[in-house]
Amino acid sequence: MSDAFWLIGLILAPVFTGLACLIARGARACERINVMGALVTLGLSVAVVARIIKDGAFDSVRGLLYVDAFSGLMIASIGLVGFAGSMISIPFIRTENDRGAVPQRDRGVRLYYAGIHAFIATMYFTVSVDNLGLLWVGIEATTVASALLVGFSRKRAALDAAWKYLILCTVGITCALFGVLLTYFAARIGSGNGSLDWSSLAGPTGTLDPDLMRLAFVFILVGLGTKAGFAPLHTWMADAYGQAPSPVAGMLSGVLSSVALYGILRFHTLTTMATGTQFSGNLLLGFGLFSVLIALPFIVLARDLKRLFAFSSVEHMGLMAIAFGIGGPLGVTAGLFHLANHAATKAFLFFVAGSIRQRYGTRRIAAIRGMLRVEPVLGWMLVAGVLAITGTPPFGIFVSEFSIVSAGFHGDRWEIAASIVIVLLIGVIFAGFMRHLIGMSYGIAGNNPDRFAGITPAWKSRAGIAAFVPLLIVMVWFGVHVPEPIRDLFNEIAAIIEPASREVAAR
Amino acid sequence: MSGLSLPAWTMLLPIFGYLAAVVAAILSVNGKNALRPVSSLITTASALIGVVVAVSALLDNETQTLRGWELFNGIQIGFRLDSLAAFFLLVISFPAIAAAIYGIGYLDSAHEPGHAAAQLPQRAGIDGAAGAFLASMSLLVLADGIFGFLIAWEAMSLTSFFLVIGDGANTARRSAAYTYVVMTHIATGFILFAFLGLAQHAGSFNFTQIAGAAGSLGAWQRDATFFCALLGFGTKAGLIPLHIWLPKAHPAAPSHISALMSGVMVKTAIYGLIRIIFELAGPGPRWWGTVLILAGIVSAVMGILYSLMERDLKRGLAYSTVEHLGIITLGLGIATLLFNDDRPELAAFALFAVLIHLLNHAAFKSLLFLGAGAVQTATGTRDLERLGGLIKRMPRTAIFVLIGAASISALPPLNGFAGEWLLFQSLLKLGGSDDTAPIATLAGIGAAALALTGALAVACFIRLFGIGFLAQPRTDEAADAHEVSKSMQFGMGLLATCCLFFGIGVTFLLRLIEPVVAQLSADSAPPPVLFARGVSTDSLQGSYAPLFVALGLVVVGILPWAIARGLFGKVGRRIAPPWVCGFRIETGMQYTATAFSKPLRLMFQFVIRPDRTVVIDHPDSPYFVTGVHYDETVRPIYERYIYDNLVRGLFGFSRLIRPMQGGSIRAYLGYVLVTLILVIVLAR
Amino acid sequence: MEEIISFETASKAIDLAALGLLALALFGSIVRRLDTAILLLALQGVMLGIASGAAALAEMQWRSWAAFIVAIGVKAIVIPLALYFVLSRLSITHDLETTISTKVAFPIAALMIPLSYSAIRPFTEGEVRAFDAPNALPAAMALLLLGLFTMVIRKNALTQVIGLVTMENGIYLAAVAATRGLPFTVEFGVAVDVLTGVGVMGLLMHEIRRHNPALNMDRMKGSIG
Amino acid sequence: MDTLLVPVQILLMLFFAPLVQGVIKTSKARWQMRHGPGVLQPYRDIAKLLSRESVQSDKASWIFTLAPVVYAAALMSAAVLIPTISERSAVTGIADAILFVALLALGRFALALAGLDTASNFGGMGSSREVTFSALIEPAIMLVIFAIALPIGSTNLTAMAGADIAAVAKILAFGALLIATITETGRVPIDNPDTHLELTMIHEGMILEYSGRPLGILHWATQVKQLAFLSLLAAIFIPWGMADAGDHSISALGVGLGAFTIKVVVLGLLLGVIETSVAKLRIFKAPDLIGFASVLGVLAVLASYVVER
């Protein structure tokens, strides 16, 4: 079988799974299909990634699809989080359904599964196309696919959130499209023929008009930045993540924003090739710092668990932006590593949040108390997750944040200043998080938390374990040891994102 | 001298041991009750191994390294056991033995709600966390490279955080733990800056390479590094005003953990400072030493003052930890100043003083915390005002605590004095190092401050022991206290013995740590001669021979009684109630702890600003008073003036920003538009 | 087959269409009545039709004709009609309540135009003169900004869709101006996405109307912070 | 001969101390136009007390019993350190000035605990005040020691005896040490040795519960402490006539003994004068005086460097 097969299969498998769910009879059948589909997809993604790691980039469908190391990283994270997401969905949706919280009962369940698989498919599509225009199409498709999932529980708040999400992201994405067009023009001015194929643009022949590319990048950054959730374009996040079903929220936060970042970085590369690293790098740095700064107060004052995590996503997207803005092999690899860690950790956290909501019947932080006594396992999972996301050892994010900052220290004085600032901000954010965490895990359990004691706890069902354990393994594993091939992968990607610095990460 | 010359991998044995203890604890969660002490016993064994490894490494004085694995972007995990690390491994391990053994009995019979370890899970939690705590501390000193250091550092803070918060049942502990973890985390940020600056210069994360590149550091790099390190490690060391977490957190933990935190954990900060100053970033300009000396003086004096004002036994001890870390910092400052002045032989002397005092403090502070725990176990309270008369009810504990109190008050011939004597001598050396008035005055002031601290410490521990253990019990809890279990006694006894022997045999200790000093001051450092026989008038050094002094004290102590006996024969002794102006003696008549420190509170009003509350309740007419409640509390000024404002500022800022997320989609779209336009304009 | 009109003429036509679109969008951002706004949107569609038609005549490729059909069909007829349909079903006055007065809105909206021109001038004037229709790109960018601006100042969900479509028109104009157009796959994908996007919006609007019959976006305050 | 110095010194201190006390009391009496009991009275008092049985508080513990032993041991050993008839401290090479201060602290520690152990309120009050004042005076003493020790670079009392440092420094240091002496020996204006008014007493408060032999020992030890301070003053500031550390010929020692006697008697008279001529301070005014001692100390340290020898 050829690579092409795997790749196409990777994109089509979720699609078919989704369709199958759509026509499936009954919720249980749906779940079974979901499991199979998820497993197949995971297998395919592993195959593709392995292929990429083994012998580099390849294309298929007459150059329509093209995956390099960077796509490989994204496929890996989508594979992991997507699998975990579709697994955790089973106990989650089952509980919701038992509680009658799913609109139109089984039909709603079918739509849900169809939705998440379609969503996953669009993400795979986005990261594996060659043509930047299609990349745009893919990102817009993710928005459309996920908007309905956000509004899944047809409640008012959910619908409003979905509306905001859709409108804001569509607006952003439209700006991005303009950016894509400008890129096209830039290509035409630069080298007579206008093309949007990454492989040709980023290739040695690709020359772009610097000034126009600069403008193009501005639109791309603002447009896709809205999707990725840079402050002050992040405003839809809190509502969307807060209202979306937790598995979806996990996928949105864990990978979707990273996919948007992926898009930005592709153009970042083109821009750097056209204008040198300074321009786009500084923009990223600026947006990143601002995002971390803006995320801080909302984390400190958060009242709602999932909104808290949403703002932490803003923070972490900001950190990644800073890492790529700092650039250089160190910065880029650190950013990529952070991307991977954040995907696993944040998905884990949202899944935990979902379980907590089902257990306590609320997302209000003030109402969640004494978890370590009421629900020890879940409580410790929350503790672990929060410690991981706030960058404490032995979790991966500690390593990646450390590398980001140390990369900053290798930069010029502005980058040193930036890294000092972010360390302090992260410190305060940690303070905010711990305040909530201590309250939730240790505080005195009030207002009868046993109201919902009857529910089947998501983290105890087999599917739940299948969702949590892999994520947890990745979180901890990357904290103590990063295997050789993965490090090589990162270096390879660094060479793709910053062709200027093609030598592997120093030391 | 030469030790066992163990292979390199043995340095990790204690760590694995502690981790085994953690595993044992986890396994015992739902296990049988008989399995309770297993974890603690494993910890004890590992600590013993730690002592052996450390001592033998000190004896055969050679640096051993273990290559670990590369983690990411050149982050190397590696281990190194040099003399300094060995010394600190020793400081970590020997109190750990006592604490672990003590813990067995303590957890069996702890009173305070939350520490009550009757139910197994909690006990397992404490044992496991304790094991992890010790493991991380040992790892900290063994780590060769900033990343391993930081991981261990954070792990140390987190494990101790979990120990402090316990089951978080009461608000006080939650807030204590919160303050602790937040402050230590932000402090870690500064340590990170210090390290990363060096790593960036050296192009490596490993201490060995960084130390190698230290020579070519720029002046401002050195200064920045030192500054950040001072802030970061100063917080952990509890230097005023960075210390506010310490008196909150240390008492909250179970007492044998408090012992480890106060006696050992804070020392890791000193370890970090020493590494930075003497190996990684030094030598630097003079002001480093001066700053350290001044910071030390402030912490020492203020710390002991606050300790004097405390009614809570363990809080008092925690403040005295602030004091002693101040003293150690003072000594470190002297060493730094001399080291930076390129006077290695004098710096070496000061280093001896620092290390010895550090070791001693580990002994007696741990001992006193264990004692406090025993009192708490026996009486269920830590409030001095509710104690009294314990010496009759728990005689052994009383003796141990008395030894601890005497040592910490720097009374000869116990170990506390040995350290202080060396410090005074190094102050003298500092003053003599160049004859300019400023340095001399600095030395003089330092001596005065040290003397003041010592005298206040005497007062403080007279108060602690006198009010807590002597005379009559003030409450029923104190009245029906009983001696604590054997394992607790053993733990305390072990440390008490350490106090005695470290005091008498300080000479041997000095010879033991000789390689450490040699490694730091890059100079063969002969240990200071404490005892000079035969005096030639030209070289008259100050000297202190503990053994002779001890013997002398005994002889001279017996002498007058012998004389009296010889002259006037034997006389009897009658037991009678004391004379209280003809009234019947009541426990209420006894001096209270608050009253005892009243004069000092009045004299130092200007720094400690006590809040006095007097409530006179009279049912109807103000002339018929039924009762007067007098309370005097001390709320530290820096909390009032620094930290409250910081917090207020943070929340103010947050409330300011929050409306941005108003929920209006048009506002959000507005942000997009504005951002777009701004960036377009900026980008051109 | 060979082209009916020359590229120059086509460019002229596109240029004029661009200016027309600009005027319409500017006007659309300040009109008082909702159905007027829809009408203006339809006119924008017509303008696009003209532009794409001209391009098609010049290029004589079937996909340029496809673009022309889309412009006339979808943008000039379907979407306006759909919006009008929804509007008629809505239980709201056809008056638009803008949030800021026209006196303020208009100058701001007008400012977008010089901004766009100044941003793109270097490529449409001077020695590196890349395009035959110098107004196309600036106009496209201005449409983008104006559409966004309309969305900001209007409360009603419908007007937000109108603003969005205006932005889309901008893109479309830019795409058309790129004579010897974009890769087909891209255009196709874009079209599909836009349609599904609008479709989903309709779906959501339908749902939202259950609790927010006037589709007033200001009653959509999520939780704060 | 050198090793013999230790017992000589001990006996000298033990049996000289009451005499000095007597001298002071007599001089006071004379200044107050009284006849006074005569210089040998302290011997009689101590002898009487030593021969009496003792009464002990039934609330007290073994601390109460042990305290006098430790107190006496500490202070008498402290007295041994001071060079008296010879410039050579009897225990040079074993102990130095810093140990002297530490031994004072040890004595204080024991006695203050005993004061708290009796369960009566006077004891606690005495201890509280004692530790307060000594906490304030100890820095002053240490400053004096450093003022002398810094220039000569040694805290060895043999070296400090008659060390040549700037006269100004010496005078300042003398003032500081004099105040220290007054404080440590519990004399007017800090404390009043011959009253038992609860408002004023400090030292007497702690030992209020003692009687018989222990009390005798305590008094004795206190007098030894007083003598130790006087001889410290003498050794450092008026080293005339002390036998050179090198030769300990009988003659030299004889001269030293004579000189020593004269010096301490003179100093004793001086204390008498002070005690008669000034009024006792209110207890919370005393710190000002003691603080002044520290100031003098700091100035002394400065002077010992700034001013030419």
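Some observations on this one:
The first chain written gets the first letter, and so on, giving A, B, C and D; residue counts start at 1 in each chain.
Keep in mind that, in the parts below, contacts are C-beta pairs under 8 Å (C-beta built on N, C-alpha and C of every residue); 3 or more make two chains touch, one makes a residue touch a chain.
Predicted, not measured: the structure shown is a model, and the values here were computed from it.
Touching subunit A and subunit D together: B. Across B-C and A-C, the chain pair carrying more C-beta contacts is A-C.
One simple way to say how far apart two chains are is to compare their mean CA positions; for subunit B and subunit C this gives 70 Å.
Computed centre separation for the pair subunit A/subunit C is 31 angstrom, with centres defined by C-alpha atoms. A separation of 100 Å divides the Cα centre of subunit C from that of subunit D. Distance between subunit B and subunit D, defined via averaged C-alpha coordinates, is recorded as 35 Å. Residue positions of subunit A touching 2 or more other chains, listed in rising order: 163-164, 167, 171, 175, 215, 238-239, 298, 301. Touching of two or more other chains is recorded for no residue of subunit D. Residue positions of subunit B touching 2 or more other chains, listed in rising order: 658, 661, 663, 665, 669, 672, 676, 680.
The chain pairs satisfying the stated touch condition come to A-B, A-C, B-C, B-D. Against subunit B, the residues of subunit A that register as touching in their complex are 163-164, 167-168, 171-172, 175, 214-215, 218-219, 221-222, 226, 232-233, 235-236, 238-239, 279, 283, 294, 296-298, 300-301, 330, 333-334, 337, 372-373, 387, 392-394, 398-400, 402-403, 405-407, 409-410, 419-420, 423-424, 426-428, 430-431, 434-435, 438, 441-444, 480-482, 487, 505-507. Touching subunit C in their complex are the following residues of subunit A: 64, 131, 133-134, 136-137, 140-141, 143-144, 147-148, 151, 154, 156-157, 159-164, 166-167, 170-171, 174-175, 177-178, 180-181, 184-185, 188-189, 194-196, 209, 211-212, 215, 238-239, 242, 298, 301-304, 307. Residues of subunit B touching subunit C in their complex: 658-659, 661-666, 669-670, 672-673, 676-677, 680-681, 684.
Residues of subunit C touching subunit A in their complex: 119-120, 122-123, 128, 130-131, 137, 140-141, 144, 148, 151, 157, 160, 164, 167-168, 170-171, 174-175, 178, 180, 182-183, 185-186, 189-190, 192-193, 196-197, 200-201, 203-205, 207-208, 211-212, 220, 222-223, 225. Only residues 99, 115, 118-119, 145, 148-149, 151-155, 160, 217-218, 220-225 of subunit C touch subunit B when the two sit together in their complex.
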